[in-house]
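Dropping the structures in below, format is structure tokens.
Each of the next two complexes has subunit A plus one more chain, namely subunit B in the first and subunit C in the second.
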Partner chain A sequence: MTINNALKAYLLLIPGLLPIVAFMSLVVGMAVSQSIGFFNFAGDDHFSLLFWQQMLTQDQFWRVFFYSARIAVVSAVLSVMLAYPVALWLRRPFPGSDLISAMIKAPILVHGLVAAFLFVNFISFQGFLNVALVHLGLIARPIRMQNDPYGIGVVVLQVWKNMPFAFLIIVGSVRAIGDDILDAARDLGAGRLARLRRVILPLTLRSLQASLILIFIGTAGDYSFQAVAGPININSMSQFMLRIQMDNAAHGWNEAAVVAVMLMVLSLFGSLAVAGLMQFAVRRAGR
Partner chain B sequence: MTKLLFSRNDVYRYLTVLLAVLVFLIFLALPFAMAVLWSLVDPSHPWAYPAVLPPVLSLRRWAEIWTTSALPQALYNSYALAACVSAVTLLLAVPTAYAFGRMEFTGKSTAQMMTLIPLIIPGFVSAIFFSALLIQLGVYSRFAGIVIGHTVSLLPYAIRLLTVSFTMVRQDLVDAARDLGASPLTVFRTAYLPVLKPGLLASLIIVFILSIEEFAISYIVGAPDFVTVPTILYSYLGYNFIRPNAAVVSLILVVPNVVLMLIAERLLKSADPAVVTGKG
Partner chain C sequence: MALMANALAVERASLRYGKFQALKDVTFSASQGQLITLLGPSGCGKTTLLKAIAGFMPLDSGRIDIFGRDMQGVPPEKRDTAMCFQSYALFPHLSVADNIGFGLRQRRLSAAEIATRVSSVAEQVGLSLQLQKLPGQLSGGQQQRVALARAMAVRPGVMLFDEPLSNLDAKLRDHVRMEIRALQREHGFTAVYVTHDQSEALAMSDLVIVMRAGVIEQMGRPEEIYRHPVNRFVADFIGTANIMPVRILSRDQARGEYHVTCPLGQAVIRSATPPVGDHLYACWRPEDTVVATDSGNDNRFTFKVSARTFLGSLCDLSVSPTEDASVCYRIQTHGSTPVSEGQTVDVVIPPDTIRFLDEAIA
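Let's look at the complex of A and B:
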């Protein structure tokens, strides 16, 4: 590679990479600076940890933080747990497997808000589920299931939307495992469960971790599922951030910035922690 | 000895396929059928418990939304934005994808990782602090603001898809064209374009769809009066849940995008260089 060629390559990177790096560092920089009192829209700019102190001493903030963390962990783990056996099942093609793959991937094509609407419409007072339960004689009158206080609706939606992603990521790595490796394991006397624990799981660990990380990040930052189908008495981090920014006139931006930084911290460390736990679990299972 | 027509394994397999189809029907087809039904409820004959089916079906709701709500404006905004965003995104992505797909240089994998940053920053964090940035910079055009925001957040997809297309261009064809004295333009037309075309079209379509579907930036930067299809749908959900309206807007949002996405998928599948160049 000549210096000239390298220079050409770096120049070609500018149009695509520079906007991304510039935009993202400006946006993240803006959030961090506003959280410590700079770029104020009200009052003078000066360094202050007041907003951090105000936010981190609020019970409400921690409730929201742990609520988002809980929903993210549960959704990521459930999506992967549902996708994994299906991916193993579809490892080798058989009549009808293409149809099943296509059906599993279908939710990817459905917009999140549309999915939320379909779900709310399905479980609402007048929805199909209630009508069906009444007609089957299981309940006497329709019951209220919308915006349940535990966030079950949000988890159902997240799993519905994210399971196909997990499936796509995992099925690739499952299919990449050669038959010769599995045959060798079988010849050495490994049963079905031993092959899964000692061969398949370790070889697909990276894809399990990748899907956990991606789903965790997407779910922790969720706004629309929570706003449409989530509990009314608690916010998600994104919802809380937006509410604070709009409601608290003078320092709304600064306090929302603290929530934003904490949401990024949660996304980063939470997803890494889940991925780390998965590695630990797979290693334990392989012993 | 007569051989059984179906082995026990086959029966299990058919049963599980059947079960999968059933799950699909309950989790996707049925909710969509409900949405279609709700969009056809006649406004003067509401569908209320305990009626199992709507009393009167009509297209009046569709006509009413079209004439009384901001939906036509939202459709215009969404499609105009998507057209601008996909054109700009593609123009910016092509040179970078060329470098990733056809050149070797130090720091390539780090640079490729860096293009993925927009995917790991939570959408509402980018949206809210991008709007703060726009205020600081004094940019008040909502349209321009959303175009910038969408372009940056969708660049990773275009770069990734086009990088794959560029790696599929065959060096021997490029060399052969050059050896035969072709000008750079002819080399591009004969060796690059046929292989790149499906990838280019697919990325154009995918960025177009993702821009129409993007909610966070459109909602925050566009607030309060720049509407797009997802923001209008959002206004019909939640606390003031207007079900028939939400049903109509949902169908308007989903159906064209699904059709476009299926076209994009077909294009990507056809993007095999052996098919395009006629060489294995």
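Let's look at the complex of A and C:
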């Protein structure tokens, strides 16, 4: 590519890239600025690390942080773990495969909040699941499953909602592996497991990482699932951010900005860590 | 009962895709160190047969033995075969060295043994300097060699080539073709080579199998296939052939001489094998003809030249008998022969170069 062509390529990228970079910088800049005392809606603007100190020394903040991180990791890993074998199974078309594929993608069409309410109804004290379990004689009386303290309900909802996205990303890369490549591996003596470890997993690593990153970021910043089906005794980062902004009239925005920045930090480093671990695991499996 | 202990034996192999008969009663065998070519037009079943030997496609009926062992139910990974794919099928995420060593790792060889064998095979195919590169960084010819090296590294009993040169340019194709033949002779492995390029088949093979519609039409040494095609399909598919219907007028079987009538007029055919029936097809090759320089030859015919193509050392002429312009034949003369389009030319077709085909006219 000549310099002129490279320049033209970059110029053509500007209309797309510029708004993205501008809006991202604006949001990140605002959040960081507010967290250190600027854009202060309730007092003077001046540099201060007080809000950071107040947040980072709170046990509650760290419980919220690690809770959100845990939900994000578990949801992302489970979504990918469920989507991957299905994508492998549907790699080659067979009668009915299109229907199965469409059914897997169906949750994309249902809004998350609707799904959360339906789920809560389903598992509520007098919901379908409890009634069914009692009728089947598996339990003597209804058990409390709604808003469980471990966030299992949130994970179930996150996996239900995000698995189709993971499937969409992974199935493309799985289908891109030519039959000849797999036949060649087989011909050279690779059994089912060896083909998976040494050929399929490495060739689909990028899609696995992309799925993990996207799901991790989405799940870490979740508000609606947590608000409807999450534990009562602990908030997600988004919930916590909103709560402290509303509870603290004086410095609510500044403290919420600290939580927002930490959420971005969690999203960035958490997703990178998950993706890195996946790469490590795949490479190790391929040895 | 096991078939004869050939390196490879295929007996009455049949396979269908739905209603399409891909292979029908295919039978042949290859001894150790032989290079067999499966030759035929697209869709004739040659790749299907190769994949059946490799184990990717189970036969509907018949059997395949490799070194005397029935391959029924044996998966590809357990067969003593290695395949060079038309698309090369290199692992894009692995370096050249890892690609070549892939099969060796599956066989659980030690790291030292793998390294030794990879470097030895890479040297043989001229890839020593490319070992750390990824396949995407190599040219088509180099990728083809990696595929060859990868298959060779596992030292298979039977090597299977699925049109491995089809993606290469003409010059490189000739070069790699010679390399494959040299390596095959050096290592003595048995090879089954699929191609639709008849010149490739003639140049490389110990045995050529010509296939059409899932059936073997003829099997034999390259010279035999070329010189004695059994039917119009083989005669036409292998090289260029002028095929004409003939009716036998008289036979002198003691001398192997037959007087026939054909679209050219009356001709003499000399054949060691007596023809079956009196009304059949015969063929002659363009290069067997001689432009007559004096009078009195047998099989001397006058043609009108309708097209002339200069090919360097040769000149390819499209000609028709002067009495019947609707019939067209091809003859080849020396490149310097002074013949031009529209001119008439006297041509001799030596009697022993015309072959009867085993294909009677109903």
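The rule is short, and it goes like this: the second predicted complex is superposed on the first by the 265 of 287 C-alpha atoms of A that agree within 3 Å, B and C clash if a C-alpha of one lies under 4 Å from a C-alpha of the other, contacts with A are read in each partner's own complex, and residues count from 1 in each chain.
In this section, a residue touches a chain if its C-beta (ideal position, glycine included) is under 8 Å from a C-beta of that chain, and two chains touch if they have at least 3 such contacts.
What you see is a predicted model, and the numbers here were worked out from it, not measured in a lab.
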When the two structures are overlaid on chain A, which partner does A:Leu203 contact: first (subunit B), second (subunit C), both, or neither?
second
Please indicate which partner A:Leu193 is in contact with in the superposed arrangement: first for subunit B, second for subunit C, both, or neither.
neither
Return first, second, both or neither, reflecting whether A:Asp180 touches subunit B, subunit C, both chains, or no partner chain.
second
Partner touching more residues of subunit A, whether subunit B or subunit C
B
What is the contact status of A:Ile3 with respect to subunit B (first) and subunit C (second): first, second, both, or neither?
neither
Which partner does A:Leu136 reach: the first (subunit B), the second (subunit C), both, or neither?
neither
Give me the intersection of subunit A's contacts with subunit B and its contacts with subunit C, in residue numbers.
none
What part of subunit B is in contact with subunit A in the complex they form?
13-14, 16-17, 20-21, 24, 27-28, 30-32, 34-35, 38, 47-50, 52, 91-99, 103-106, 108, 111, 114-115, 117-126, 128-130, 132-133, 135-136, 148, 151-152, 155-156, 159, 213, 215-216, 220, 230, 233-234, 237-238, 241, 243, 246-247, 250, 253-254, 257-258, 261
Please give the residue numbers of subunit C that touch subunit A in the complex, ascending.
54, 56, 75-78, 81-83, 85-87, 89-93, 102-103, 106-107, 150-151, 154
Mind pulling up the subunit A residues that touch subunit B in the complex?
1, 5-6, 8-10, 12-17, 19-21, 23-24, 26-28, 30-31, 34, 39, 41, 89, 94-96, 99-100, 103, 106-107, 109-114, 116-122, 124-128, 130-131, 134-135, 142, 160, 214, 217, 220-221, 223-224, 227-228, 237-238, 241-242, 245, 253, 256-257, 260, 263-264, 267
In the complex with subunit C, residue positions of subunit A that touch it
178, 180-181, 183-191, 194, 198-199, 202-203
